[in-house]
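Next come the structures, one after another.
The following pair of complexes shares a single chain, chain A, combined with chain B in the former and chain C in the latter.
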Partner chain A sequence: MIETLSYEYPASDSVQHRAHVGVVASGNCEILLEPAKDGCASIVVRTSVSGFGATWQAVLGRFFTRNPVAVQIEINDFGATPAVVSLRLEQALENAR
Partner chain B sequence: MNPAWNTRRRRKNERLARVSRLVRDGRFEARDAVAVLEELIEPGDRLCLEGNNQKQADFLSRALAAVNPERIHDLHLLISVIGRPEHIALFERGIASQVDFSYSGPQSLRLAQQVADGRVRVGAIHTYLELFARYFVDLTPNIALVAADEADADGNLYTGPNTEETPTIAEATAFRDGIVIAQVNRVVDRCTRVDIPGDWVDLVVVADRPYEIEPLFTRDPELIGDVQILMAMLVLRGIYERHRVQSLNHGIGFDTAAIELILPTYGERLGLRGDVCTHWVLNPHPTLIPAIESGWVRSVHCYGGELGMERYVAARPDVFFTGRDGSLRSNRAFCQAAGLYATDLFIGSTLQIDRDANSSTATLGRIAGFGGAPNLGSDPRGRRHSSTAWLEMTSSDEEIRRGRKIVVQLVETFQESGVPTFVERLDAVELGRSAGFPIAPVMIYGDDVTHVVTEEGIAYLYRARDIDERRAALASIAGVTKIGLGADERRTQALRQAGIVAFPEDLGVRRSEANRTLLAARSVRDLVEWSGGLYDPPKRFRSW
Partner chain C sequence: MSLLLTESFAERGARERARALLDPQSFRELLDPFQRIASPYLAAQGVVAQADDGTVVARGTIGGVRACVVATDGRFLGGSIGEIGGAKIAGALELARRDAERGTPTRLVLALDTGGIRLQEANLAILAVSEICDGIVALRELMPVVALIAGRVGVYGGLSLSTALCSQIIVSEGARVGLNGPDVVETESGLDEMDSSDRPLIWRVTGGRFRFEQGFATELVPDDVAAIRAAVERAFEEPRELGPLLPQSFPDPRLERDVFLRAMEIEP
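Entry: the complex of A and B
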């Protein structure tokens, strides 16, 4: 069962480029990032592990509080730990800047 | 009054006389093993069984588990690692009813059940060094069952790369008139090298098959992920480079294997070769091969051997401790003492950390123990030599001051199963209570921990001014665990300013670099290549 989760955060910064990090593999996740214009970050998570909505919200909330960037992000998750997700988000951002 | 001062010796001789019909030239046949043990051992004896996390006296432990419990019962078992099914069978059958040990990894669940059922009473869970020490004080064995590679006609023993704790057990037993029985893989005219002198050994038996040995320290680089590489980069920059750590011990695990594997790449680029990580207290980890081959490592002393590393070690005698025969001489007691007193740093992983940085690998329903970690991961108050790294842990400039060992806990904020590593309360507390232990089985006490590293950054706990600041520093790198979510963002910023917390960007660590291309070897096959074909990995690690 794939669970789909959506989140939105206010954004004041922008990025230049698209980014694609991570891989589709067990315990890992893939992140596709593209710049958005409307002062808002929107994220769609498709995860193979359901029931971790609160953790996703905490990871993403913390990331966008520290990095309020206007982006559209798609995450395909295959049981990545919060550590892997945070690292992939930071890597995507480093590559997009 | 005419007190006898040699009762132990007399009883030993009486016991040995009982088996004389089964013994010729100090040796008995494998088929007589159960009969010999039944004649020699008496109910209530303290019996030391060589079972450590690598080498196992498994022929003798199988024989012991087969004795008649009506004759031999209520033994007090002394064993560093409860690792084999028949160790538990000793309790199930009533052969042993009390145990003092260090670690029980593979049998931790069954051990907890035996304790709950009241079949065995745990004296204490010790560190290795602590258990060995008690062999010389109040837990001296009456009987020791040990394992070796070779014996000669005089009972001299050769233990090859896996000397481990055999000399320690034999010494404690032999010199207080206990009986030392050795199982050997073969009898030879002349031992390849004498590791245990023959006059410490009473009886020898050629086992039905070579003793069991586990490749416990082999970590396949295939399984190292980017998060572990990120944490390895943080450790190298934020701890090894900053404090100039030269002598150290690495725990067993993929996190520390990642550090070993980025020394020749990332570490080289930082220009650290020769300045850090030169002297090691460590088993022959295959993942250390690239660093050794690149000239990082001056010396390695080992607790035990590692399957497949024999030829490589023998070919690097400038680095490893080796005998005249060329093979590794390991010694768990000396190596633990070295790790306690002579290293500047210990780094290892754990399953749970509480807000005060107490850590434990105990989980409910399992009595696992902790092996050497509590010694390695503690500050030895008796240390009297100084080093740059040791002195860096103190801010005092008073006339009389002492440094401190660097003790690092290296963890991801969550385990792979989604279970948080940072917890309000260690499972060890409840486990200790339910098992009736007087103290909770804490692996490393928080006040010994100087640094905690997660994927979020480093908490320099030794720099915190009080308990409140210490907790705040830990929370700021605890991610989205309940403890981490309690961190105040502004306070975290202040702690970063004060150098009590460092995020990757504060240390110049780029997350986009944290990937597998940084590993000097990405597979076991790469390790074999680095070794010039000298490393011969066990079959289960060969994918080619």
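Entry: the complex of A and C
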């Protein structure tokens, strides 16, 4: 069944635009990124592969340590590997800047 | 045409395909992913939904004329059409018809890449296909309705019926058009009827080139953005007549192969 995970990270930077990247297809994920105002990054992950909360936390933790941006992110995941998720996050951020 | 000089259309996602068909800088998406009009039925069945339901509707211009491109994404659940995606397509057709009746025509392109209706929301999807067929029949009385089948999936199932109703049908060599997909045919009628792993057979029987030679399509294009853009513009400016379907029926796939070979000027 689908697992929904939520994460929050402190943020000091901001982005200008919203960005949409990726696709809900095998081994891939869709990311909707929108600027947020309150110095906090909040992420909601919906994934068809349950039981990987710790992995998500590690991938997202590393991304927001390097890029402390105030954004609201939704991820619709269809079994993307950590590497694919990291690339999609970088791509979304690049498009949003 | 050299592979290095072409810009693949099939390798793009639905949104990038719509962007490629519309004049540069004219792309404006309706009901974009941030509107979050995703399928409400998938989560309950353990399937993650996509924010645009796999169907992109974009306004813009084609050849400087008002246009609307509908593109389905073959990567999300096989490009299947659910209630939301179906309503987006039917809505675009309805608005195009109203525009044409008001004397301000909107060129509508259906860039389809779909396995057909989405089984998880089957009844609603079937209803949507009938609405889409209605919309095409009404619009084609007023102006050309262009179907572009140039993706990796092609068009199968319910949407192949809609495609057949379009007045201009552009196919690429890599695309396929058929009612039942190869897997379905193999499952229902057995391996003797069709081996769904036999890719040459599948393209011989449902491939774009064969469909064109058969008289099902008005134009055959290579997988190249510039060539496809030109073909779409031509479809509106100099619409072609569909040839007679030859032959009328294909009781035996081997016969289809022979017809194909003759069309290719090869003796079976």
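Convention: the second predicted complex is superposed on the first by the 97 of 97 C-alpha atoms of A that agree within 3 Å, B and C clash if a C-alpha of one lies under 4 Å from a C-alpha of the other, contacts with A are read in each partner's own complex, and residues count from 1 in each chain.
Please note the rule applied: a contact is a pair of C-beta atoms (placed from the backbone, for glycine too) under 8 Å apart; a residue touches a chain by one contact, two chains touch by 3 or more.
Values in this document were obtained by computation on a predicted structure and should not be read as measured data.
Asks: Using the superposition on chain A described above, determine whether A:S14 touches chain B (first), chain C (second), both, or neither.
Replies: It touches nothing on chain B or chain C.
Asks: Using the superposition on chain A described above, determine whether A:M1 touches chain B (first), chain C (second), both, or neither.
Replies: So A:M1 only meets chain C here.
Asks: I'd like to know which partner A:N28 touches here: chain B for first, chain C for second, both or neither.
Replies: both
Asks: Where does A:T81 make contact in the superposed view: on chain B (first), on chain C (second), on both, or on neither?
Replies: first
Asks: Return first, second, both or neither, reflecting whether A:Q72 touches chain B, chain C, both chains, or no partner chain.
Replies: Touch partners of A:Q72: none, neither chain B nor chain C.
Asks: Counting only touches as set out at the top, which of chain B and chain C does A:S48 meet: first, second, both, neither?
Replies: So A:S48 only meets chain C here.
Asks: Where on chain A do the contacts from chain B and from chain C line up?
Replies: Looking at chain A, the two contact sets intersect at 28.
Asks: Would you mind writing out the residues of chain B in touch with chain A in their complex?
Replies: 225-227, 230, 412-416, 418, 454-456, 479-480, 485, 489, 504, 510-512, 514
Asks: Using the touch definition from the top, list the residues of chain C that touch chain A in their complex.
Replies: Chain C residues touching chain A: 13, 32-34, 43, 46-51, 54, 73, 75-77.
Asks: Taking the touch rule as given, give the residues of chain A at its contact with chain C in the complex, in rising order.
Replies: Touch list, chain A to chain C: 1-2, 18, 20, 23-25, 28, 30, 32, 34, 46-48, 74, 76-78.
Asks: Where on chain A does chain B make contact in their complex?
Replies: 27-28, 49, 52, 55, 58-59, 62, 65, 79, 81-84, 86-87, 90-91, 94-95
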